[in-house]
Structure formats: C-alpha cells, structure tokens
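Across the two complexes that follow, chain A remains constant while its partner is chain B and subsequently chain C.
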Partner chain A sequence: MVSNDDGVLRAPLRLEYPFTRTTGQVVGGFLTGLREGMVLGAKRADGTVMCPPLEYDPITSDPLTELVEVGQSGTVTTWTWNGEPRAQQPFSQPFAWAMITLDGADTPMLHGVLVDGPDAMSTGMRVSLQWRNEREGHIADIAGFVPEEA
Partner chain B sequence: MRDIAVVASMQRQEKSIDNESEVEYMVPLMHGVKESIGITQADVGFTCSGSSDFIAGQAFSFVMTVDGANPVPPISESHVEMDGAWALYEAWVKMQTGEIDIALIYGYSKSSGGSLRDVLATQMEPFYVAPLWPDAFAIEALAARQLIESGKVSLEQLAEIASRSRDHAATNPNAVRTTAKSVADIMAEAPLMDPLRPSDIPASADGGCALILAAGDRAKDLCERPAWIRGIDHRTDAHTLGVRDLTTSMSARIAGEKAGVGNDKVDFAELYAPFTTSEFILTEALGLGEDTVINPSGGTLGAHTMMASGLIRIAEAAQRITNGDGDRAVATAGSGPNLQQNLVCVLEGE
Partner chain C sequence: MGYNQDPSVQPDALSGKVTLPASLDDVEMVQAVRTPAAIDYIATPGASLSAYLRGMKQKKILGDVCPVTGQVFVPPRGVSPVSGQRTTEMVEVSDQGYVESFNVTRLPIKSRPDLKPPYVSAWVVPDGSNVGSIALVAGIEPEEVRIGMRVGAVWKPDDELEESAANILHWEPTGEPDVVLDDLRIIGKPGDNQ
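So, the complex of A and B:
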C-alpha cells in the first residue's frame, strides 16, 4: 500500500481467482497425455472406453482408474458450423463443432474440425487429430481435427 | 403428503429492462404478489429465491434482492443458484415438515447486459469442454442434427413448434417474440447454428417471477381455485455430453414418472424448452399426447428469462388452472446443457 503526498492510501485492485487445484490422476493423466502427444481414455467396467476420461463412471458411479491409449483418428457423430469464431474460442478461422468418437474409444468428445465450410462436413466422416506445436497439457493442445486423408 | 398449492404469481419479462436493476424491478413483483392476495411478509414463513451471480456479474448478488423483501424483523430465507423452480421445490419440501404454511418464491435475471449464449459456456465440463467456449446454440445444434438425422423429427416439425409458439406468445402480454410466422417462412430462414434457425432458439428476455405457495386450508382461504401440486420431482442426466443420448431425456422421463404425469389426462403443459428441439424431446419423454395443449403461453420460445423461465412455467400453468381453463397441467423447469436437468410438476384444480 502506498501513500501519496495527499495522505490518501492507495492499493492496486487486481481482479483474480488466486487458487489452483490439481487435476488428479485421471483428468491430469489425460492432460499430461496431450502434452506428450497421446490421447488417453478410461476403461469402464463393461470394457468400453470413455474418452476423454472422468474419475467416475457417470452411469454406474464406479471409480475409473485404468487409462488406455486410444487412436488419433475417429468418426464424426454430429456437428454444426461455427461461422464466426467467438471471442474466447481457441480457433482463429470459421470451423465446425463436432462430436468425434476416436478409434478405440466408445464415447465421443467435443472439438473443432478445421475445414473451409459446412459443405465439407458430414456425419460419419473420418477425421484425424492435429496437434499444436507448443503443448502445455490443455484441451487446446489439440489444434483441431481435419478430414482423414484417403 | 401435505397438500400445497400455488395461490398467486406475478411476472415481468421484457426483451431488455434497461434502466432498472434486478432489485428495482423485482421489488414490485415480490410485494405485488403478496398484496394481490392480501398478505404481508409477516405472513410468509419461508422466502426462497433463484438467481445467478454469473449473470449478475456480482458475488452474492441475491442478498440485495432479499433486502428488498422486507427482511426486518429477520426472516427465514434461502437461495438457490438455479432457476426459481428449484427454490419452489425447496420451499415445497420445507412446507412438508408442517412448520410453515406460506412461502414466497422468486426467480430472476437480467442477462441482456452480456452475451448469455457465451456465458452459458461456463456451465460446461471445466477441463475438456469449457476451455473451448462452445456457445449454448452450438451445443444444442449438435443434438438437433442427431435428432434430424436419426429421423426422430423433421425440420418441418420443428418449424411447426416454432410457428405455434409464436401464435401462442401473441396472446401473452409477457412474451417478447410475438410476431406470427408461417411454417413455410420459418423453413426459409437461413440457419443461425446449422441446423437451428433463428425461430428455433429461445427469445431471450430480462425479468422475473414471484409466486406464493400455501398449504391446506390457508390455500383455500387465499385463492378461489388453488393449483394443487400433486406431484413434483427433479432428476439430472450426466454432465458429460459424450455419455448421453442427446436425442432423448432420461432425467425428464424419470421425473415425469415420479411426478405422476401419466396418471390422468393432461389438459395443457408448460414446458421449459429453450429450443424447438427441447420441446420435441420433452413432449416425447413425458408421454404427452395430441390432446394436450403445449405451451399455451408461448413458452421459452416466446420469452426466456434465465433463472425464472422454469418458475414462470409453473406460474403460467397454475394461473390457467386458477382461471378454470383446465383441470390438470404439467409444468417443467430445466437447467444445464441439452436439458441436462429437469424438474416436473403436476398441478390440479378441484
């Protein structure tokens, strides 16, 4: 705190959320995997793989602990066209939102598909993951998906 | 179960309420609803509200509204960071104890100050989804495409829902999207978030609703034809979009069964269905047939006040029962992405 010549005390106001938390073994495992260029899912009691993984099974409430690597290509199960990237979105060009089931996983994940327009999109299309050059253990380490090369 | 009824309600919804704060426009509703049945805050055993700091942009924003309820001498009060319909549920549970006979419930928000569709991205799963900032329309569009491509519903059927909602909203002085539009004209709209068109999305509004619950004989004293709550239940689907079937609503189906929706005919239903697709999903999940009038108020396609739209559905259904327009109604409230959470309330007149 500083006092000016006028005797009024002044202090800077920084609007912040000054807490951190660990992401834990499952979420943290997935995010660390991204940093290392791998995509991990969680094995559920019925043998299916949830990707991205949660610490618990949302249907049975079982704790999930076993992480397995899944593929980096997958299938679009639904999509929409995001014509203008909104201010906070980590995409610089118009893109498609899509739910994508990666090979080896049984549940779809949300991400962007980087194509020129909605005409390039269809449910059932095959897409491949594109990594960002700099990765830090964040969902946006995946730059997006692109149509799989035939 | 103790018999509890909606005996009065008051609401205000406008596209944007520019020159009044949430507190300033809620005080007339909170006091007006009490005055309309000749009671004061001293008669109210419990006051419960629903609102959102995220939308208000201010921590503990609800405390200032409580100050507007005349909380001197001290009152018994609670708040949920949810739609006011969940405040009503809390009050209903408290009234079951038999300790209190009258409750004041209110819900409100003024979302016009920001971009609600973007603010709603903050309710998504925090590690994998929220950092990508998918807006609320995009998230619903993903479900809409699955619904259409699975053949469950067509774009024409969704346009019929939108067109009928506009017609109904035209009879509702609190609705904000009231201009008629034919199915053909809605079919011709360019997609806003493919396949959703402008008429498929909610008509965002500022506003709120205040409502009085009363038990047993007190309800009969205060209202000529109380709308009795015959069943109320709420359920939640998984937060993770990828593990849900987005073309159905398990939570609404179970809540509807627990609340007893199918035990008798339903004259009309007020559904918390922000999108045309949500209305289709809820109608199916609740098993509502063609003899049920859906959203006579125009629903959330006519006016959608976040944090109050669910409570307003209950208020609209109750008012119609009190007016004698029908004997049995269903009202729902919702929360979260893609109708993640649903509350179902069955109301009956005697």
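So, the complex of A and C:
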C-alpha cells in the first residue's frame, strides 16, 4: 500500500483465473503444428484453406477434419498501428496489428508485425513468421511477423 | 445443412478423426492449453478502509459503528450492512478474540506457496466486534482447533508494519477457557454489542 501526496492509499491488485482449456482435435492439431514448427490450416470441401483453422465450415456448417500445412510467409491484407503496446501483446515496442494471409491459405490471421513505424507498413506487403525460441504448443509460439527479406 | 440438425445429435466432428500432415503422425498431440485471464487494477480502499489500514500500521484494529444498532463491523466498509446507513464513528477493537468457525485445508494453493498444508483458516471475531473475518490460526495442531477457542493476534515485527491487514501473521490460542456457544453474539440483533 503506498500513499501519494494526496493522502490516498493505493495498491496494485491482480485478479487472475488460471484457466486450462481442452482444445479438441482441430485447435489441438493446430497447436501441435506450432510446437513442431509448422502452421496448419483446415481444408474445406471446395479446396480452400482456413488458417487459423475453424472446427466447422462457416458457410456449410460441415465439420472440418483435414489439417494441411501452409506457408510461413504471407501478405498483409489490412493493418492498423499500435503505438502503445500493453503487456501480453506480441511486441513490447510499438508495432502494427495486421491481417496476414499466409501462402497456401485463403483466410487471414491477426498478428503483430514489427517495423520501425507506420510508414513501413502497407497493404499488400510481404511478411515472414518469427518463431519464439521455446515452443510449447501455444498460440504464443508465434512471436510475430517481420517484413520479408527481398 | 448443419443449422437444421437436431441439436441433441452429436456433431460428426466430435466423433470423426481429424487428419494431420504425415510428418506429425508420431508426435504427441496438444490436448490442453493454459489460458489464464488476469485483470490488473490499482485499488483505492476508500476512507473507511484507509483508516483501518492506517490503524493496522499502529497495530490497532479499527471497526465501523452502525449509527442505528451500535454494532461494530471489522473490517469497516463505511456503510452499515444491517441498517444501510453511512457510518461516522470508528472504534478500536481488541486483538484478542475467538474462533467462530474454521476450516482445515489439506491441499496446497498454487498462488500461496507460503501456506503449507494442513493449515487452518478461521472466522475470527475480535473482542468488541460483532462480526468475524477470515484469518489464519496457527500454533496449534489442526485437529485441536475448535469453535469458541480463544485466540490472539500475532503481529509482524514493528519495523515491518505497513498499511496492510497482512500485519497480522496469524492468530494463535491464548489458553483462556473457550467461549460457550450460548454467549456467541448474533449478527443483526440490535443492541447486542452493549
């Protein structure tokens, strides 16, 4: 408990629930892929691939049961700048949130792109996935994305 | 179409096998993931609790007095829970009291590695208060703790005192005769603090 000049007592208070969730086969398969250094998407009946995968087809409601590997580079389809990152976001310094369609996938995933500033971001730019050094089968195994080297 | 299916019928995906690329055939599947949800606050306790916390720094336990019934509530919240009236008077209660109820915990809590099972959590009513609050009882085997047992607060060393209820490390038996159940005061009974 600390008291500032105004005489009001204040203290940090963390409210935390330590949830563990069971994943099911589709999300579990996706996370297994991340742990093994692969990115997986769900193949739909028309041959298109959703990454990250969903358990059911959003149009037909059919269960999606085939996970296939997609690329680890992709294209930014839209983005916004995050000038004040918060704890647990992909990067501790300012970065871009971007929708990234990985090569071989037909739907985008949301993730962070680390660049010097918003001037370095553009729709259509190419980015590459960066793995975290220690992978455990968690979405945070993907550290984020950086511009693809030419 | 899936949305026309009988909702009581198990979806195919729950029983169907999801296939992965062949290179993952022999690896262990992820079946669970940690997703802790945390909210970080800066807490300000308000006038009444602030006075209580500053009292704790001086090894004093302060309570609110209900302006209608005269009952004393510890810890103070600024409002009487029986009359709903704002409280204006605070009094010091004793750091001696009795166990109104208790529980023996035999499993460890991850976030409290300092608590070694088995330990006793008790509802301790300080003398001069009409209500109890949660506290640790130590200095006695868990099997020997009983309702009505007299206990006294064990405070941190003076140079470690701060504005915190954690200044009371735990309560331990005083050796006085137990409070008899008939003597226990009942919450919400007007005038029972006299």
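Just so it is clear, the second predicted complex is superposed on the first by the 126 of 150 C-alpha atoms of A that agree within 3 Å, B and C clash if a C-alpha of one lies under 4 Å from a C-alpha of the other, contacts with A are read in each partner's own complex, and residues count from 1 in each chain.
Quick note on the criterion: a residue touches a chain if its C-beta (ideal position, glycine included) is under 8 Å from a C-beta of that chain, and two chains touch if they have at least 3 such contacts.
From a predicted model like this one, the values you see are computed outputs, not experimental measurements.
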>> Under the stated touch criterion, which partner chain does A:56 make contact with: chain B (first), chain C (second), both, or neither?
In response: second
> Of the partners chain B and chain C, which touch A:90 in the superposed model: first, second, both, neither?
Replying inline: first
> Which one hits more chain A residues, chain B or chain C?
Replying inline: C
>> Contacts for A:99 in the overlay, against chain B (first) and chain C (second): which applies, first, second, both or neither?
In response: first
> Can A:130 be said to touch chain B (first), chain C (second), both, or neither?
Replying inline: neither
> Who does A:118 touch here: chain B (first), chain C (second), both, or neither?
Replying inline: first
>> I'd like to know which partner A:109 touches here: chain B for first, chain C for second, both or neither.
In response: first
>> Under the stated touch criterion, which partner chain does A:23 make contact with: chain B (first), chain C (second), both, or neither?
In response: both
>> Once chain A of both complexes is superposed, is A:73 in touch with chain B (first), chain C (second), both, or neither?
In response: neither
> Is A:81 touching the first partner chain B, the second partner chain C, both, or neither of them?
Replying inline: first
> Do chain B and chain C touch any of the same residues on chain A, and if so, which?
Replying inline: 23, 27, 31, 87, 138-139
>> List the residues on chain A that touch chain C in their complex, please.
In response: 1, 3, 8-23, 25-29, 31-33, 35-36, 38, 40, 55-56, 60-69, 87, 137-139
> Hey, which residues of chain C end up touching chain A in the complex?
Replying inline: 1-3, 11-13, 16-21, 23-24, 27-45, 50, 53-54, 110-111, 162-164
> For chain A, which residues count as touching chain B in their complex?
Replying inline: 23, 27, 30-31, 50-52, 54, 58-59, 77-82, 86-90, 97-99, 107-112, 118, 123, 138-140
>> Residue numbers of chain B touching chain A in their complex, please.
In response: 118, 121, 127-129, 131-135, 138, 141-146, 149, 191, 193-196, 238-243, 246
